[in-house]
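Next, two complexes with chain A in common: one pairs it with chain B, the other with chain C.
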Partner chain A sequence: MPAVVEIRELVRTYRTRRKAEETVALGGVTLTVDDSEVLGLLGPNGAGKTTLVKILSTVLLPTSGTARVLGKDLVSAPQTVRENVGVVFGGERGLYPRISARQNLAFWAALYRLDRRTAQNRCSELLERMGLADRADEPVETFSRGMKQRLHLARGLIHGPRILFLDEPTTGMDPVAARDFRALVRELRQEGRTVFLTTHDMAEAEALCDRVTLIDHGRLVLDEPTRHIGRYLDARECVDFTCDDPAVLAQVPELAFVESVEPRDGGHRALLREPADVARLLVWLIERGVLSARRSEPTLEDVYLRLIGTRAMSV
Partner chain B sequence: MNSPSSLGTSSPGTGWLRLGHQSLLFSIAEMRTVHTWRTWLFGWVARLLTQVTFFALIGKFVANDATMQFVLVGNIVALSCLESMIVVLTMAGERRLGTLPLLAIAPTSHVPVYLGRGLHWLASGIASSVIGWLVLPPLLGVPLPWPEALPAVAMILLVAVSCYCYGCFLAGLAVRYRSLQVIVLNLGYLPIMAFCGVNVPISFWPAWLQPVLHLFPLTNGLQAIRAVLAGGTWSEVWPKLALEALVGIGWFALATVSINRVVTKGRADGSLEFGS
Partner chain C sequence: MNALRVIAAAFRLQLAITRRSPGHLMILLTSPLFSVIFLSLVVSGQRSGTLVNGVLAPGLIGLWLMSLDLAASIIEEERWAGRMELLVASLTPVSLVVFGRIGVVILAGALTFFESWLVAVVGFGADVPLERPGVFVVAILATCFAMAGTATLLAAVFIKSRALHVFQNALTYPFYILGGVLVPVALLPGWLEPLSRVIFLSWSADLLRGSMSGNLPDAWPAWIAMTIGLGAAALVAGFLLINRIIDQSRETAHVGHS
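Moving on, here comes the complex of A and B:
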């Protein structure tokens, strides 16, 4: 597949007024994104995800390095880039709350130079597709969070962009609204759009993304197809178990073939040193009366926690 | 649904006019969510006319009917300026709404959008002034000379547009310094109300200050209106109107620079925040 985004040694630094020292938001990121790919950008707060999205959408200039979107340099040819990218961020902001959804879209259609007829058709199509047609002429301030987010997506799609940046789009959504929103993102990929998704939701990234890129301290620490993500834990396997006996629970991390134990979904997850250790641990647990235990594989969350550790809590 | 391959349906010929029109429609729609014609007329305009009446009565109290008419005319025209300058708050609101970065990365120039965002205040200001022009003088017993007072209505429009351009320039500052938006509006409006001939003639102020006051909107236009009411000749009035128009154009140019600066500086220093 041809690359639609090519980033080479991208650096962005900030110098705040109060602090004389320079803060590195991106410290030399190199990344290539293929056509029709859904790329998950993961990382703790302040890691540099949003900075990268801001640069790629031409909101922010890089300090050094290059980035090309559809072959165009985003510093020297920002206008061409802008015609081909859409930006959707999560939250209440980015919409005009007092006017209707249709008026919001019509306004952005004019900004993206759609002629009147095309604009009207696109607004109607998008409102229908996002399930907002029945409320299209009501003020946006009366919408639920999920409806506003779908309108955000419609706004981002009004000009038919090849590349879409979704910056934590499901933040604060209820589970049903988030599920519906993810279904829309899957449809976008099927249409051939390239999607950048920044999220803190590991399950969301695992479900939606073809590839995940993990950023920390402004540097790439992982860039892998989602299906191969377990490699980063050296193909080690896990056992999920539920144990009410504190004495047994305390012994598990001490076992020679167990690397670590951590709380998980009301129970615990033991990460093993070798795949063959799964059977040994299951037998060990059953012998001690633990009957709720099963083999599992490392998830993206495991990889994230392993690579980022507890830093996410410190920022 | 618009697919990536359907990008070619954009029409690059769409320009400032279309955007200005869309911004106006947008502004009217926004205005209609705040006011019905009844609340606008009996709430908003009535309150403004009461304020004008208050200042006019002070003129009568401290001096005579002529002073009252001077203050009345000045304050009625100043209404169009006052309302036009509310564009400062409307434009500053783009940052609060989180739409600023989205406007900045739209392929069309953001300048007409920003300039068009407060057009409803311009229209409201002109309407308020014209209503005041028609209603207050006879009501307060100082009727204006007709038909001389008729062309003044068109001059109010010029003053309002000039003040709107000045407001757009201030808005460029207010967008940058969010916490100062109300201060910027009031500090921008203060010299106009205090020094530009609304309540006292500019000849009242020190000689060194008077040329500076001609650089503000309203000063020259208000002088033209007063000249018309006094039965002045058109050769006396036109230069003042031309100067008012020039001042407006100057502030428009500065507004364009000011607004562009918000975006170029924001791209450089990262002050265009998503969702901020």
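Moving on, here comes the complex of A and C:
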């Protein structure tokens, strides 16, 4: 598959107002994104994800390094890049809340130089597709969070871009709205669009992305196909269990074949040293009356927590 | 052609926003009060020769205040609402959107002239002359264009200003005087005239007064040209400055407030 985004040693630094200190937001990122790929860009707050999206959407200039979108350099040919990329930021911001969804889309269509007839057709088509046709002429401020986000997506698609940047698009959505939104992203991939998704939701990244890239302190710490992500935990096996007996629970980490135990979804997850240890632990737990136990595999969240740790919680 | 379509789209956008949120047109409520003050002075002084001044001054002041208000808020609102980054990422220069949006509010603001006329006729029973209605309409349109061009330039200047409100206030009375809004430029001290003549208001105010009273010189088309020319110069300067500020913001990472 040909690469649609090629990033080489991309650096972005910021200076504070007093120009005394320089902050490195991106410290030499090299990355390639293939055609029709959904790439998940993960990392804690301040890791550099949004900076990377802003550079690739031409909102920011890089300090050094190069980035090419569909073969065009985004510094020397920003207009060509803009024709081919759509940007969708998450949250309430970015729309004109007092006018209708249709009026919002018509405005953005003009900014992307669509002629009037094409704009009208594209607006109606996208409103229908996003499930907003019935409310198309109502003010956006009356919309739910999920509806606003679908309108954001419609706005990002108004000029038919081949590449779409989604920056935390499901933040704050209820589970049903988030599920519907993810279904739309899958459709976009099937249409052959490349999607660049930044998210904090590991389950979302795992469900949607062909590949995940983990970024921390402005540097890539992982770039792997999602299905191979478990390799980063040395292919270790896991056992998820629920145990109400504190004495038994306290013994599990002490077992020779258990590497660590972490709280997980109301229960615990034991990471084992060898695949063969799964049966040993399951037997050990059953003998002590723990009947809710099952084998599982390391998830993206496990990898994330292992590589980033708990710093994601820090400011 | 594309630029005109974008300006028209921005025009329609602002029209839709203004219909639901007419805050920028607040001046239409306060302008009649200015008219009452000016016309009271004119009528109580029994100076019928200055009646035209009393009608025009509130309209021009209203338009100028509206321009300052828009110029100070339009870009900042886009930044706070998280739309500036999306505008920058689009195929269109932000300056075209700014001009289109300002234009529609200023055109609507031209109603202040009608309000002022209404106050004079209904409130004071004055017989307001309008000797050259055709020229008057052209003069109003030229004034609105120049006002929108100047507001576009001010929008760019205000982004750079650290004391926005002080600056905004400082641009009121000096402009009313130098622009010949309160009294004709010809009545000001002679040494002020060169300064006055670089302000489009000085040409448009004289033009509007002349079209109402009938005292228009033969060279009045040149006054229209000066009004439009100065407005266009401000517009071009505004476009260049806004584009430059956007380019700088892409370097310094100050495009939005997020």
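Basically, the second predicted complex is superposed on the first by the 313 of 315 C-alpha atoms of A that agree within 3 Å, B and C clash if a C-alpha of one lies under 4 Å from a C-alpha of the other, contacts with A are read in each partner's own complex, and residues count from 1 in each chain.
Just so it is clear, contacts are C-beta pairs under 8 Å (C-beta built on N, C-alpha and C of every residue); 3 or more make two chains touch, one makes a residue touch a chain.
Just so it is clear, the model here is predicted, and its values are computed rather than measured.
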Superposition on chain A - do chain B and chain C clash or fit: clash
Partner chain(s) touched by A:Arg294 [first = chain B, second = chain C, both, neither]: neither
First, second, both or neither for A:Glu125, with chain B first and chain C second: first
Which superposed partner A:Arg8 touches (first chain B, second chain C, both, neither): neither
Which superposed partner A:Gly160 touches (first chain B, second chain C, both, neither): first
Touched partner set for A:Leu61, first chain B, second chain C, both or neither: both
Touching partner for A:Arg227 - first (chain B), second (chain C), both, neither: neither
Chain A residues touched by each partner, larger count belonging to chain B or chain C: B
Common interface positions of chain A, toward chain B and toward chain C: 12, 14, 50-51, 54, 57-61, 79, 82-83, 85, 87, 89, 91, 93-96, 98-100, 103, 106-108, 110-113, 139, 155, 159
Contact set on chain B toward chain A in their complex: 1-7, 9-14, 18-19, 22-23, 25-26, 29-30, 33-34, 97-99, 101-108, 113, 266-270, 272, 274-276
Chain C residues touching chain A - in the complex, by the definition given at the top: 2, 5-6, 8-10, 12-13, 16-17, 20-21, 81-83, 85-92, 97, 250-253, 255-256, 258
List of chain A residues in touch with chain B within their complex: 12, 14, 50-51, 53-54, 57-61, 79, 82-85, 87, 89-100, 103, 106-108, 110-115, 118, 122, 125-126, 129, 139, 155, 157-162, 167, 191-193
Chain C partner contacts - residues on chain A that touch it in the complex: 12, 14-15, 50-51, 54, 57-61, 79, 82-83, 85, 87, 89, 91, 93-96, 98-100, 103, 106-113, 139, 155, 159
